[in-house]
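Next come two complexes, and both contain chain A; in the first it sits with chain B, in the second with chain C.
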Partner chain A sequence: MNSVSVADVGRPAIRWHTLSRSLRGGLKGGEYTWAVAFVVPYLAVFLTFVAYPVVYGLWLGSEPSLYRELFADPIYQTTVVNTVLYLALGVNVKMFLALLLSGFFMRPGRWMKVLLLIFVLPWAVPQISAFISIHWMLNGEWGFLNNLLYHLFHIEGPFWLNERWTALGAVIASHIWKWTPFWTLILLAGRMAIPLEIRDTARVDGATGVRGFVYITFPLLANLYLISTLLSTIFLLGDFNAVYFVSGGGPADSTHVLATLGIRDAFDLAQPRLGVAAVMSALPLVIPLVIVLMRKLRTTEVQL
Partner chain B sequence: MANLSRRSVLGGSIALGASRVLAFPHVARAAATTATMWFAQGFVQDEDVSLRKAVADYEKASGNKIELSIIPFAPERQKIISAITSGVVPDIVDSNPLEILQIYAWQDKWVDVGDVVETQKAQFSETALQSIRAYNAVTKKHGVYGVPLRAAVAPCHIWRPLVEKAGFKIEDIPRTWDAHFDFFKKVQDSLRKQGERKVYGLGFQVTSNGVDPYNLFMAFLVAYGGQNIVTKDGKLRLDDPKVKEAATKAAAYLGGAYRDGYVPPSAINWNDADDNNAFHAKLMVMDLDGTLSTEVAMKEKHPDWYFKDIVTEGMNYPNDNAGRPVPSIVGYTTGLIPKGAKNVAVAKEFLKYFIQPKVIGEFVELGLGRWLPVMPSLAKSPFWQDPKDPHLRGYVQQGLLGPTIPDPLVFNPAMAEVRNQHVWSLAMIDVAREGVKPEAAIDKAFKRIGEMFAKYPVT
Partner chain C sequence: MSARRAVRRRRYSGNAGVLVLSVVLIVWTFVPIYNMVMISLEPEGDVYTDRLWPKMPSVESFWGVLTQGHWYLEHFWRQFGNSLYLGVMVTFLTLLFGSLTSFSIGRMRIRHGWLVSNCALLTYVIPASFLAIPFYRIMQNYGLANNLWSVIAALVAFATPYAIFVLQEYGRSIPIEVDESARIDGASPLQIYRSIYLPLMAPALVAVGTYALLLAWNEFLYQFLLLSTKSSMTVPVALAQFLNSDQSPWNYMMATAIVYALPPIAIYYAFRRRMTAGLTMGGVKG
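Right after this comes the complex of A and B.
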């Protein structure tokens, strides 16, 4: 005998009703239709411009043979080392400078506002032309820097872009020069959000100068500083311009980072899948960063 | 009056839209007469003007429409590769970079255009006809996948005033290979004695950026007898002692010139434009570099430089060290039709129109002669034979009328990897800076080249 009970027969209908009610979120009739109408364009844009490219990229770089080919490339290991150095130095030096400078720009006075305006100029100028100018400035024979050294001190400057370490140093310095103003502004905004009462109270208790920074300001800025550092690391991992236009990945392909190697493989070698694989090989670093970032952003504790 | 509900309005709108599409088939007919075309932006504006004129003339003559996009060089290259990877392609693209003809022919991504080329086959140079064939690894056959539009070769560009300041004349420059380039070392030595602190004899691109270093090395490889590094049927010949000897000599000469201080030190990290800038800054006496862009870029701003100071006329490649002519390697811009193009018929029709000698000749000439024509008959035009122009006759002689050969990458796309992974550059740099013996540098390069060719077996 079939043992289906009356309750079992009614269950799918109940489930569907519950699911439908849950999806509607308490909205009724026309309200629900309008809600759907507003969500559909966003979903379409998200699927087309976010989900599809990511899935397509994962698919392009999914063949194991690509990674065998990538690891066999003689410059891959050098590129990974460069990427790590670029991230470690580029991000941390920049963020530390931004932290210090944000304190400097907290000083009162009209001239400080003028100085801040001048300070943010590197961030405001288009990056490609700025990096091409730096490439030319660093030219060993006719570059501005070496000419200046010769005219002022009668010394022949080094060929900055001829050696791996000076070329990579030039790339990192260019990145720091370009992006320090932006992160300084972010941290400056963070500092300005610290209530005056807290600072005044700390001052009364003797927490001034370095002590005030260590015990009051930095703890309150720590979360913002960490999130900024994580974001900057993720941005920099995909940064292509500084390396491409300052050192060009040279000399002898010794200053490539994963982003420029990916571009080279995809478009110079006309092997887009290999290019995607080069960039995807950074995922073991990116995924933990994104997870930490998400957790930090989800924190409910009130902290700047 | 009937009640209008939201549903009825939406339904009505959709029905109206559908009926409009169905009721106006002329839209579909119009699409059938339209082809999209991507082309790389010119180095000088006149190049773009000449292309637009050719397209406008075709549209007027045919009634068809060509939707032309002129795109800067590097973005166009990326756009083409992205389009072919995704499958959403235009109807015509130029071969930017030139090796995409062979790379994507290998993957069966181009439409065969043998019928287009056939209409002017007798007009094209033999080197051009060789350069448009490619091996298709899917069909296991060779096919004609490109339509030759224009060509380029790498001439020697020389500063006359620097040669004369050193106490020499242009006529003193020897006409055999090593002696020719050694001459500029003497010029540098003489200029240094006169207190010129930063002038170098040779503008060799001993760098790992761009395509210049490959072209430079290949010119020397051919001059030393290594032109058969890849056979016409796509086989690698690294086991040929002549090839190895030639490659070793090329690495020794080019790397040695840098090591010995006859090449600007910054050349180790030049990009494609840096050697032009350095030449214009008179940092070096001579530069071996592709096209006449070095001269053409200065024609309006510094007419004296163009007409008097920079020399290419009569300076075809010198003979090899045994006195035999050295062929120049010619690269071709070709018109390509990707598989999946929506309007192959119009694309082919336009290309047939475009390669008529009068049309393609005018296209190249309006571009100020930066590019060469692909038909020997066009070299006889008053433009190319203008006695008042100091560059054009020599350039067209070297790249079209004189002895020429295709780049070996047309025989096997693996050579494109050799070029773009800068295998020759690394060999030159090993010799120039690392103190590596040329033989060892070439052994290392040959090992890498062998690995690359293993991926492209031509059966």
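Right after this comes the complex of A and C.
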């Protein structure tokens, strides 16, 4: 079955057949049934496990009174600030580092390949393992970080997770630790795909170093960078693990983001509707992002 | 002369820069991993120290994990088996549904196929954690709470969209005439799918399969919400249970975390090339 020769494929009769079929538009009866049968499993999964929960969630969170209760909650207000900070810093610092590092890893040589292999390790380590380790590492009394600070500089490190700003910073740093390698690889692939001739020509014309980056590399990477940033924003908005494991939302619920607050309200406080409302209050940000992303991903066929 | 010196100086400073940055990156990458290894090598009860390396490193805690030799690890192998089962089923179903769908849309060009693509795209950009609460309630109504299949269903639903994209994109590199001539030879769509499409798609299937497996291995929230008995839970849930208690056996937890991290690291490095190829497939067309 596999050995379809090129000569067969190129026969004009078949081309004509293809053409006429595409003009008629569509498949013959029996084949159409097959095609539908092939799509049905995924559609069933989509309808049962995505569409239904979406609709049910919208219904759960549809009471306006929920939002009055939610907005009056001081923890919710803190959470919104945290979410904005987490998004702004987590996404942009990470993407900017990834952009710079992808350029760094373009350097030739064996060492760079080895270093890249080491550098992607955080991506390969499961989130749960990594974040539990970071959580204990930041323990004020027994954590590795403070031991290190003491041994190296004789500094008594702070109790990182007992104070809102350092705890939030720890969460953001953990996110950057875990995900910078991934986006570096994406941007590295983007840089590699820039044809060599363009880079060579640019170099001959004097566009090297910073100028080469500003006038040649970045314009060619800009679209990928933008899409990566938007996707990363959405992924980060839904991120539960970093906050849950590193800071646990503490101290005193001061480092929650919307994703963890929703789960806390629904399960710790047994108020699922309030939890759904907390998550739904991100919709004004999610919907435009989704629309822009769907349009971008469809037209440029970027896959991550 | 001075120009040459300037070039040389620039090369030296460049090398120094590479060296400094390399050291920074290696330290940054390894600190949490070093911490994990260090604590796992502490003998029992010695976790509360201010040392940077155990005084008496021992593999006691690893042994404890492998033999379930601590009360916290009673069901370790059962839970590890659950994680494995979850990963394998999610991978298999994601590959099956993803390849069938992309075959129908991309190769058979089913009418309104773009609608299905859009459903997939939409799923891809909705954060999974936002659907956790309604999903949990639905599963409870169906009596599927505490059942591994409820988690499998959720993860397949969230992994398949990516599979559909990558497979469709990869499928474009295979001439449609291959399918056409098989059709003319009388092959049914199912035969074309099995004997032509799947073998030709093998590289992309490996990439997608790895993605699905690692997604299941990394996932926590759905497993945490849906699995609550000791025998039904997976390793991440068991790990999390002990995170917030004061008397956590940290050396055992870290050993568990390392054992749990080994399979994905091995898979990742084994399939690295395929995976990055899949991740960036067509990534820079725009």
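Criterion: the second predicted complex is superposed on the first by the 271 of 304 C-alpha atoms of A that agree within 3 Å, B and C clash if a C-alpha of one lies under 4 Å from a C-alpha of the other, contacts with A are read in each partner's own complex, and residues count from 1 in each chain.
Definition applied: a contact is a pair of C-beta atoms (placed from the backbone, for glycine too) under 8 Å apart; a residue touches a chain by one contact, two chains touch by 3 or more.
All figures in this text were calculated on a predicted structure; none of them were measured in a lab.
Q: Do chain B and chain C fit side by side on chain A after the overlay, or clash?
A: clash
Q: Examine A:Asn162 and indicate which partner it touches, taking first as chain B and second as chain C; both and neither are also allowed.
A: It touches chain B, and chain C stays clear.
Q: Name the chain, either chain B or chain C, that contacts more residues of chain A.
A: C
Q: Touch check for A:Thr78: first (chain B), second (chain C), both, or neither?
A: neither
Q: Once chain A of both complexes is superposed, is A:Ser129 in touch with chain B (first), chain C (second), both, or neither?
A: Touch partner of A:Ser129: chain C, not chain B.
Q: Looking at the overlay, what does A:Phe104 touch: chain B (first), chain C (second), both, or neither?
A: Touch status of A:Phe104: second partner only.
Q: Classify the contacts of A:Asn92 with the two partner chains as first (chain B alone), second (chain C alone), both, or neither.
A: Neither partner.
Q: Quick one: classify A:Ala270 as touching chain B (first), chain C (second), both or neither.
A: It touches chain B, and chain C stays clear.
Q: Which partner chains sit in contact with A:Phe240 here, chain B, chain C, both or neither? Use first/second/both/neither.
A: Second partner only.
Q: Go through the superposed model and pick first if A:Ala35 touches only chain B, second if only chain C, both, or neither.
A: Touch partner of A:Ala35: chain C, not chain B.
Q: Is A:Ala193 in contact with chain B, with chain C, with both, or with neither (first, second, both, neither)?
A: Touch partner of A:Ala193: chain C, not chain B.
Q: With chain C in view, single out which of the stretches 40-48, 202-210 or 418-426 of chain B clashes with it after superposition.
A: Between chain B and chain C, the clashing stretch is 40-48.
Q: So which bits of chain A does chain B touch that chain C touches too?
A: The answer is residues 60, 135-136, 141-142, 248, 266-267, 272 of chain A.
Q: In their shared complex, at which residues does chain C touch chain A?
A: 18, 21-22, 25-26, 28-36, 38-39, 47-52, 96-98, 100-101, 103-105, 108-111, 113, 116-138, 153-154, 156-158, 160, 162, 164-166, 169, 175-178, 180-182, 184, 187-191, 193, 195-196, 199-200, 217-218, 220-221, 225, 236, 239-240, 243-244, 250, 253-254, 257-258, 260-261, 264-265, 268-269, 272, 276, 279-286
Q: Would you mind writing out the residues of chain A in touch with chain C in their complex?
A: 1-2, 4, 8-10, 14, 17-18, 25-27, 31-32, 34-36, 38-39, 41-43, 45-46, 48-54, 56-57, 60, 101, 104, 107, 111, 115, 117-130, 132-137, 141-142, 144-145, 147-148, 150-151, 177, 185-186, 189-190, 193-194, 221, 223-224, 227, 231, 234-235, 237-241, 244-245, 248, 259, 262-263, 266-267, 272, 275-276, 279, 282, 286, 289-290, 293-294, 296-304
Q: Which residues of chain B touch chain A once you look at their complex with the stated criterion?
A: 6, 74, 77-78, 81-82, 85, 97, 99-100, 103-104, 198, 207-209, 264-266, 268-269, 271, 274, 277-278, 281, 283, 416-417, 420-422, 425-426, 429, 448, 451
Q: Spell out the part of chain A that touches chain B in their complex, as residue ranges.
A: Result: residues 33, 60, 72-74, 135-136, 139-142, 159, 161-162, 167, 247-253, 264, 266-270, 272 of chain A touch chain B.
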